[in-house]
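Here come two complexes built around chain A, the first alongside chain B, the second alongside chain C.
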Partner chain A sequence: MRIMLIDDSKTMRNIQKAVLTQLGHTEIQEACDGQDALSKVGAFKPDLLLVDWNMPNMDGLSFVKAFRQSNRSTPIIMVTTEAEKSRVIEAIKAGVQNYVVKPFTPDLLSQRIQETMSKVAGQPAAA
Partner chain B sequence: MDASALDRLIRVSISADRLAATVIIQPGLDPEFLTADLINTLLDQQVIARSRARDDAVADLVRAARERPDQPAHAIVARGVEPIHGGPGRFELAPRPAPPPLADPGATDHYQRTPFHVVHAGGRVGTLFPPADGIDGVDVTGQVLPSRRGAAANVRFDETVIVDAAGAVTAAIPGIVIFRDSSLRILDTLKIDGYVDFSTGNIDFPGHVSVGRGIRDCFTVRTGRSITVHELVEAARLEIGEDAILERGMAAREKGSLSVGRDLHAKYLDNVEARITRDAVIAKEVANCHLSVGRHFAGPGCSFVGGELFAMSAEIAQVGSRAGVATGIVLGRVAEVEDKAARLARAVVPMRKRVDALRDRLDQLRRGSGRLTATQAEDLTELQFEEATQQDRLGKLTHGLEAYLQVIAAQARGSLTFHRLLCAGVRLWIGGWRAEFNTELMGPATISLDAAGDPVITDPASPTPIPLSRLARIIADDRFIDVDRIRRDCGLPRAA
Partner chain C sequence: MDPSYIKPFIQSIQNVFSTMLQLPVTVNAPRIKESTATSFDVSGIIGMSGDAVGSVVLSFPKDTAERVVSLFCGQQLEVGTPDFADAVGELVNMVSGGAKALFPNKKVSISCPSVVIGAGHSIARQSDTPCIVIPCTTDCGDLVIELSIQDRSGAARPAAAAPAAAKA
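Moving on to the complex of A and B:
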């Protein structure tokens, strides 16, 4: 499975990458903002995207909206410090499937990724 | 001219191999009658293939016969093409692997020179080349002269080699390559009638090795399976995959070493550094050796004098000597396991401290009031990740450490039986104790640990063990790792 990590913090990307590697995922592409991600999604064709909200050049929400114009189905998890309910609703309306609020633990991120992928596959998430 | 006269005067002869047709003209033929057409007609009657070369040869022959009508004339007027038969198949032995290169390219290491061609299973032994097809020829009448395919290579293979469709010949078993009397096979036993010396070089053999005489100083013998040496092993280096049977023994003069993958059987060992994975069975004497035996040392008729023995249990006729040579017996301790456990413990202690410190910091941050800024949230995520990663590593390390500690605990209950004598000056490590003997003890007797973990001695004549402390000085020893302390320091539960 191909996974794209979009976050302006390299540390955050490294943490997410380590969690994904532990889950057995090795095809991972990184992007440092929405604009960078848009330039890479065409060639990489991800099966899942983890997107930060606050980033320079193009923020996560703008990226999701732009991405959804051409792709309605690839699941997106928003990983952000934006914890307010209105923001969560805004993200889901834009086409985000799941939401992880920073700070998160590796276990929580792992659980959200599995939940999202199970939903896409039409199976219940493993406990 | 009638036909019989013509036959007598002009004759067409075809060679036995049908590769040449010759026309012979005898004197007496009317030159006016002799023409190329006549000869060609006769050749056509014999179905000799017509060609420009035949026409030219006939014309030359007619000219010559006319010029000298009183002499016979003859010429080969047609030739066939000889068939080329196919070459025979052949077997080529692969070259022996070259010894490892030396630092000085001009130098030769005579220890590495070996006359044996050794292969591992799957190793290339040679190539079988198939016989070649031939090229057909043609006789003077244009008929095909068939060629023959070459004969198959005159070589026999047994089940120890595999020949694939491409002719690659590989070893089905590891061993020595024997190619003799057109027969190729791999022997899993290397039999050396004499010594391992400069006539054999170092031995590195994947199968069994049998040495008719002995092994000389400074040579190395590595075997994948067992070895039997009928005479003395000198200060050599032996690395034996399975059993080692040294019918006389080994005198290593503190230079040789012995590593045995399974059991060792020897008459005596002198100044040997040896590591035996399973049991050591020694008939006569072990003098000034350092032996590490994975299971049992069996020497009911053997003296163990000088040096040190590590074993799970031991049965020895005489331990030490009346001259007071320093002799140590260490029961239930395996140096490698101790080292690994100690190394793991050294890694676990600081890592546990790091994890505890991280956890304290996280608790402080989580307890802090107010909403986190984006930077604080990311810092906290990073810290949580660090804590989870370190915790994961710590879990793996403690799991490994626990396994080693359990092995140490299981092994720590060894016993020593001495049949004749245990001399003063011997030191014995058993459990967490060191016993120092200041007086000699007569055998037979067995030293072991009682249910409380204290050393006791049992005389077969009296069923009740008595505390060893009545006969020897017993000291809590710190030479080996203290399992309880490690458990405490590393936060592991106490063993049941």
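Moving on to the complex of A and C:
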């Protein structure tokens, strides 16, 4: 499975990459903001995107809206410090399938990824 | 400054440090600070705008910052490198983001973080807003949160919070 990590913090991308590697995912592309991600999604063709909200140049919400204009189905998980209910609703309306609030444990992130991919496959997530 | 802003930051730093670093944080009595000089050598800074306007600074002595960043990243990083600054910025980002979510009935946005490194640096803040220092103790050493936040929920909102200016 190809996964794109979009976060302006290299530290956060490394933490997420470590979790994904533990889950057996090795095809990972990184982007440092929404604009960078938009320039890479066409060639990389991700099966899943993990997107931060607050980023320079193009924030995560703007990226999701732009991405969803041409791609309705690839699952997106927002991974962000934005924890308010109104923000979660805004993100879901824009086309996000799942939401992880920072700080997170590796277990929580892997659970959300598995949940999201199971939903896409139409199967219940493994316990 | 409304003291109700203090508790969310205490809860948030304890949550961030325990979740990401497995590092308990003991919080000591907050105090008002007059000087613009930061308490320590390494400062992560976030601006707030919307119903609460101002700045949040997470300030560490160099040795403490090195130990905290090492726990966060799983490797030793040299102070002053971009990766070190990135890690400090992400910590203040998570602490501020977590705290603002606990502000009751307020819509607040946070800026991307900035990091200043150097002994004796100053961070300018709005002159009409006092600065509250929250001292914290961890097994990696002491650090502080410096809050300079003005409530704007009942006032006309500025277009954006003025970012904190730093001087090394």
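Here is the rule we use: the second predicted complex is superposed on the first by the 127 of 127 C-alpha atoms of A that agree within 3 Å, B and C clash if a C-alpha of one lies under 4 Å from a C-alpha of the other, contacts with A are read in each partner's own complex, and residues count from 1 in each chain.
As a convention for this text, contacts are C-beta pairs under 8 Å (C-beta built on N, C-alpha and C of every residue); 3 or more make two chains touch, one makes a residue touch a chain.
Everything quoted here is computed from the prediction, not taken from an experiment.
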item	value
Fit-or-clash call for chain B and chain C when the two complexes are aligned on chain A	clash
Which of chain B and chain C A:Thr21 touches, first, second, both or neither	neither
Touching partner for A:Ser39 - first (chain B), second (chain C), both, neither	neither
Partner chain(s) touched by A:Met55 [first = chain B, second = chain C, both, neither]	second
Chain B versus chain C as contact partner of A:Pro103, first or second or both or neither	both
When both partners are placed on the shared chain, which of chain B and chain C touches more of chain A	C
Which of chain B and chain C A:Thr11 touches, first, second, both or neither	both
First (chain B), second (chain C), both or neither touched by A:Ser118	neither
Shared contact residues on chain A - chain B and chain C	9, 11-12, 15, 18, 54, 81, 101-105
For the chain B and chain A complex, residues of the former touching the latter	372-374, 377-385, 388-389
Chain A contact footprint on chain C (complex, rising order)	15-16, 19-20, 72-74, 82-83, 86-87, 89-90, 93-94, 96-98, 100-101, 107, 110-112
Of all residues in chain A, those that touch chain C in their complex	8-12, 14-15, 18, 54-56, 80-84, 86, 101-105
Chain B-facing residues of chain A, complex	9, 11-12, 15, 18, 54, 81, 101-107
